[in-house]
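In this document, chain identifiers A, B, C and D correspond to the written order of the chains, with residue numbering beginning at 1 in each.
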Amino acid sequence: EETYRIGITQNNVGVDSYQTTYESAFENAAAQNENVDVVVLDAGGDVARQIGQVRNLIQQQVDAIIIWPTNGQAVIPAIRQAHQAGIPVVVTNSKIADAGMEYIAAFSGPDNVQQGASSAEMMCDALDGEGQIVQIAGQPGYTTAMERSGGFEERLAEACPGVEILETQPADWNREKAQRVMENFLTKYDNIDGVYSGDDNMGVGALNAAKSAGRAGDIAFIGATNFAVGYEAIERGEYYGSIYQSPVDDAEAALQTALDVLEGKEVPKMNFFETPKITADNISEFDKPVF
Amino acid sequence: MLSKKHKAGLLNFLSAQGILVFFLICMFAFSLFSEQFLSQSNIMTVVRQASIIGIIAVGVTVVIIGGNLDLSVGSMLSFSTVLVVDLHDKIGPVGAILVMFALTLMLGAVNGFLVGFMRLNSLIVTLAMLSAIQGLVLIYSGGQNVDIANQSETWFSVFGQGYLLGIAVPVIIFALLAIIVQVVMSFTGYGRRIFAIGGNPVAAVYSGIRKNWCVFSTYLISAFCVACAALVLGSRVMGSQNNVGQGYELLVLAGIILGGTSLLGGAGSIWKTVIGVLILGFIQNGLLLLGYPYYTQWLVTWVIIILAVWLDLANKRKHLLTRHS
Amino acid sequence: MIDMKRFMSGGAAIQPIWIFVIVITVFFSVMSDYFLSVGNLTNILVQTSTIGLIALGMTYVMINGNIDLSVGATLGLAASLSVGLQEYSLTLAVLVAITTGVALGALNGLLVWKTGVNAFIVTLGAMIGVRGLIFVYTEEQSFYASNFAFSDFGASTIGPFPVLAIIFLLCTLAMHLVLKKTGHGRNTFAVGGNPEAALDAGIRIGRNMMINFMIVGFFAALAGVLLATQMGASTPNLGRDYELWTITAVVLGGTKLTGGYGSITGTLGGVLAIGVLRNGMNMMQVPAFYVLVILGAILITVLIIDQQINVKSSKGVQV
Amino acid sequence: MSTAAATHTSGASAHGETPILSLVEITKKFPGVIALNKVSLDVRAGEVHALLGENGAGKSTLMKVLAGKHTPNGGQILLEGEEKVFENPKEAKKSGIVLIHQEQSLVPEMSVAENIFLGSLPKKWGNRVDWKTLHRESTEILDRLKCSFSSKAMVSELSIAKKQMVEIARALVFTPKIVVFDEPTASLTDHEKPVLYEIINTLREQGVGIVYISHRMDEIFHLSQRISVLRDGEYNGTVNTADTNEDEVTKLMIGRSLELDHASKPKDFGENMLELRGLTVDGVFSDVSFNVRKGEIVGMYGLVGAGRSEVAETIFGLRKISAGEILLDGQVARLHSTHDAVAQGIALVPEDRKDQGLILGMNCRDNMTLAGLETVSTNGFMKPAAEKSVYDKYQQAMKIKTPSWRQKVGNLSGGNQQKIVIGKWLHTHPKLLILDEPTRGIDVGSKAEIHALIKDLARTGYAVLVISSEMPEVLGVSNRIIAMYDGKVTAEFDGDAVSEDALVQAITGQYVTGADASADRPVT
């Protein structure tokens, strides 16, 4: 039986727990499968370095490349090179631009636009379609952040035009920054009904700020990528809801998609895994995230 | 003769305080456009937010006066914050704080050893340490976020969230450190020696000053300040990410520069740094209140650095001219 | 820095960093099957060309006794301009990108010259501000080059050699000759070695510094454009931290931060040392967390060794 | 001094020579200082015009104004009758004015040739340096200066004297109209001095106007045709060298005659304060043994490069000892750092005041107290009043000229800077005071004061070691003289009974044991 060498270049391991958990889940999944050999690389968030890593993987003539794009557009020429070298490419977690779709074998990951939309729906529910909210976004320039924001804003305008986004500021997936941004929002706006954060890590930062200011009770907090701290906050009733997204599912799906491609199976271009809404009502259906 | 002296003193004072005047003008401009800007709660928020950078900047200013740089403070802050938060649940707050201070000082000692005793270039050494310490944090935490489990049941939150006589504890820590270090730098022999080393390291050695130890000690001071900042940061967030301090070294430097401390060593003061850090904080806050996107603050910072530089120069020129005539 | 061997009239020297480059090259060749191949070696050249090009200009600025921290941001701005303006014309876009780089260099140079303020301060300001400019211009968006000719150029080769690597090597040669052989190059040393003396000797030190800032601005912009051709796109965060790695490479190459001493051959060695280390550790699959620690440790080790050589050769007093 | 001024105006017309250069009523102010107040000076073609004055009188400043380095606050520069305004050094150079600086201005990591031609390298097409021409012409110039080193040598590798010769070589690149030498011999040895004199004479014969600044009277009387004197930034008269004598010139300079050696050498010596036993630092000096007793002044004489400074640095804890030992007060001393040395009562006034002696950006007072901070502080906290009184004491004792204690030391004249360094070490009340070239660049008046000061110190029990390259100084102050040559002690003499010949032989390595009866203990 043939052994496959699969190379993966990740976005930025260590920047948050999700990516780290993804990495170890991926390595575990590979270890379980005897005929898979993996080369795990990390781009440290730098597009140029990721392109170099794709080139290195092409150079090593791996059988397939999995890429977690640092940027949905800038990696396309590198993916094209891999494609031209006859190496199938699977994109994981965050999408690449349409222009690159013809060069990839498949995409596997969450649908971040859909996640944004789901959060918008939760916000509608929480505020009964009426109110003023602020948004704390992820790192500017990164696909996941842009897709979630985009999905959220579009759906919100559609679903409940009565909810107004007062302001959007980025907090770079960083809890302390989110806390600072929220503190400034709180001084600036006397009336905030809801906060949408690009992930729970930032959401909890915003919650902390509101708690310190004694205004947490008036505000509905909605996040994405449910973290353990977010899960607990929902349990305590301080946090309205989030999107459940498991890095383990994410990693396993990516590896499986790559293997399917290598084994010549018919694989759909877009493979989304489930990212359900999580609120106090259904929290018991979910395990607490490990990160 | 006496009146001349007084005149010179006044001019000296004005030229030294140019940045302060500038600061007040900025505050005034912002307050025209935003009602909240000068509200007490906003000012308290800004000062509280600025204190983390301020606390670090106090230490880095000492290193800079001694003629060196410390770029590793950002990584070190990540390290110390992750450490203190992680250990909090494992060995309790007191142990966590003690271990965190000890290990942070040890990192400072490594910097100090390499720069002070091995006499390596501080820019490159602390740059290398920036990378290495970031790696250490990740290895320590395995790349995972750390959190304090029972946030409501620990007194640890006092450093970041507490108030004393209506003043936020981070601000008190910042003010205390700034005052103590300023006193040390301007009124003690130790301070004089650091200034001498920054001014001319060779002549300092020829004056019988133990340069190696003094340089070493400046890095300990810097590390101590980072540890204090980590205490505030960890207690404020009650959790930490591995990259929580990323980029702080540049903010700290920007604050110090805005305050007007030259990076060449042998000159500068803590109190200027305090002003610089506050300017940075108020600009950030003011622009946010006016609704400009966050990145406009970078442009404004640039412009202000250039202006501060010109202002300083113009002041010196004026100074020379008045003395001449 | 000891001179292993002097050749040519300017006295080009082989710097110790080259020994280090050779040692790690041999090491990785033994440790990884994939390391020593034409494909991988040209890969390394392409990957180092970005930092390498900036480092060429940075060497001049640092020999001058200055420093430029704004190169990473300049690179990012040039990349965004070169992609973002392509809707008008590709040539125009590239021209504007490069001109902007030179202009930012000129601004830095002018400020350093006219105010006499430390270049570290002036360019730290520019580093923050130019990044702001990028975000204002791009509104946080990435740009994508619809013109495939652009990204094809980045991937093109002449024979087995990638065009980007060739451009980098040609620029290196040119900058080496200018530094060693021309009046401007020699004045650059004089200004960094003893500005007072250079001024007394009638060298226009302000002009010399400004030209060098423009040179580094040019190379940062060029590197940005070439990096954009590799990606067929640009992102607003492009070039973060590059200034730090560039300065590190130049210092590893033996250029003194205090000015007056340095060489392009050394800088090439320094750039390759970092490039080979990164590539080799990738090939050996060193976990990302450890790469950071190892890079830091190696950097410090090289500094210590370099300094020990210096101390031995100077027999100086213990100051 | 109205009579002197009259000498000046009538002097020029009486000789009927039109000056090639006239400085007319030049005024230059610095913050808090009027460095030059309406100073006028004529220089004729083909003359050596000596410029004299106390430290800080404004000599260097006047010349920097001439060379375009300083912009004057008033006055005119007339070159060949034409008014010139020099915005920068380049313009002055273009007009044919060359200034050989008091503080050497060379680029260390460049070749000798490039330094000589700095700013005017010969070029080929495309701004390329014409190396062939450069080295050919540099070699010619070096030959004329009888310099043995190559034009390709790095300046950083040269000794201080050779560096000075490179500086001087710059005067020979073009045929200039005016050459200014600002204390060119301060760091030259007796070997190079005659070459310099010869060059000056050649230039003079070519019709070049020469301004020569020096504190050495013998030189001035040997070289110059006329002497002008500055005092406190004011012009104080011009005299024909042939019509005057040293005493008169000194009077013009300092307003009184110099009482040479008004203090006698100390006589009573105590125990050994310092004793070196076979002290060796590999590659620098070897087997150096001598002693200094309490109350005694020992002179150390030798050529530049003999290794005297290195011995001093070793005693001061700056170098690692390879063999031998240092005894202080009869005890073997542990001296691993300057801190150890200072703690054990050693003081070193270093050779290079700018790099080793002073923090140029610090004010006068802070520099003065830097080596003895413990004495002006309690529990680590400074006592400003105590500091000020220390400063005042030495400022008055040595007549340091500065507008205020707040003045940055970097703005003081060279001689006054030197006094600050001396004051700084006196303040530590050392048991052993080492002075390395203590009067380099110091005017005659202050020199006598410093010599008297040294003798006074010895009389109060200090052990003093004076390193000097000036024979009169060594002979004048020392009770005993140690001669060094090439890293070795070659002889030891009684300071009051030694012939100059024997000294010269000892420091050039020609000393033969027993050749001179005055030698106490010749050493091979």
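Quick notes on this structure:
Note that in this section contacts are C-beta pairs under 8 Å (C-beta built on N, C-alpha and C of every residue); 3 or more make two chains touch, one makes a residue touch a chain.
Since this is a predicted model, take the numbers as computed values, not measurements.
Simply put, of B-C and B-D, more C-beta pairs touch at B-C. Between chain B and chain C the centroid-to-centroid distance comes to 29 Å (mean Cα coordinates, whole Å).
Our note on geometry: chain B versus chain D, Cα centroid distance of 44 Å, whole angstroms. Between chain A and chain D, the centres computed from C-alpha atoms are 72 Å apart.
Chain B has its Cα centroid 34 Å from the Cα centroid of chain A. The set of chain C residues that touch two or more partner chains comprises 135, 140, 288-289, 319.
Of all residues in chain D, those that touch two or more other chains are 318, 337.
Looking at chain A, one finds that residues 13-14 touch two or more other chains. Of all possible chain pairings, those that touch are A-B, A-C, B-C, B-D, C-D.
Within the complex, the chain C residues that touch chain B are 111, 115-118, 120-122, 124-133, 135-136, 140, 244, 247-248, 251, 257, 288-297, 299-300, 303-304, 307, 319. Partner chain D is touched in their complex by these residues of chain C: 9, 11, 181-184, 186-187, 189-190, 193-194, 196-204, 260-261, 315, 317-319. Within the complex, the chain B residues that touch chain D are 5, 8, 187-190, 192-193, 195-196, 199-200, 202-210, 266-267, 319-320, 323-324.
The residues of chain D lying in touch with chain B in their complex are 29, 31-32, 73, 316, 318, 337-339, 341-343, 348, 350, 355-362, 366, 370-371, 373-374, 377, 380-382, 404, 424. On chain A, the positions that touch chain C within their shared complex are 13-14, 39-42, 44-49, 51-53, 55-56, 59-60, 71-78, 80-81, 97, 99, 139-141.
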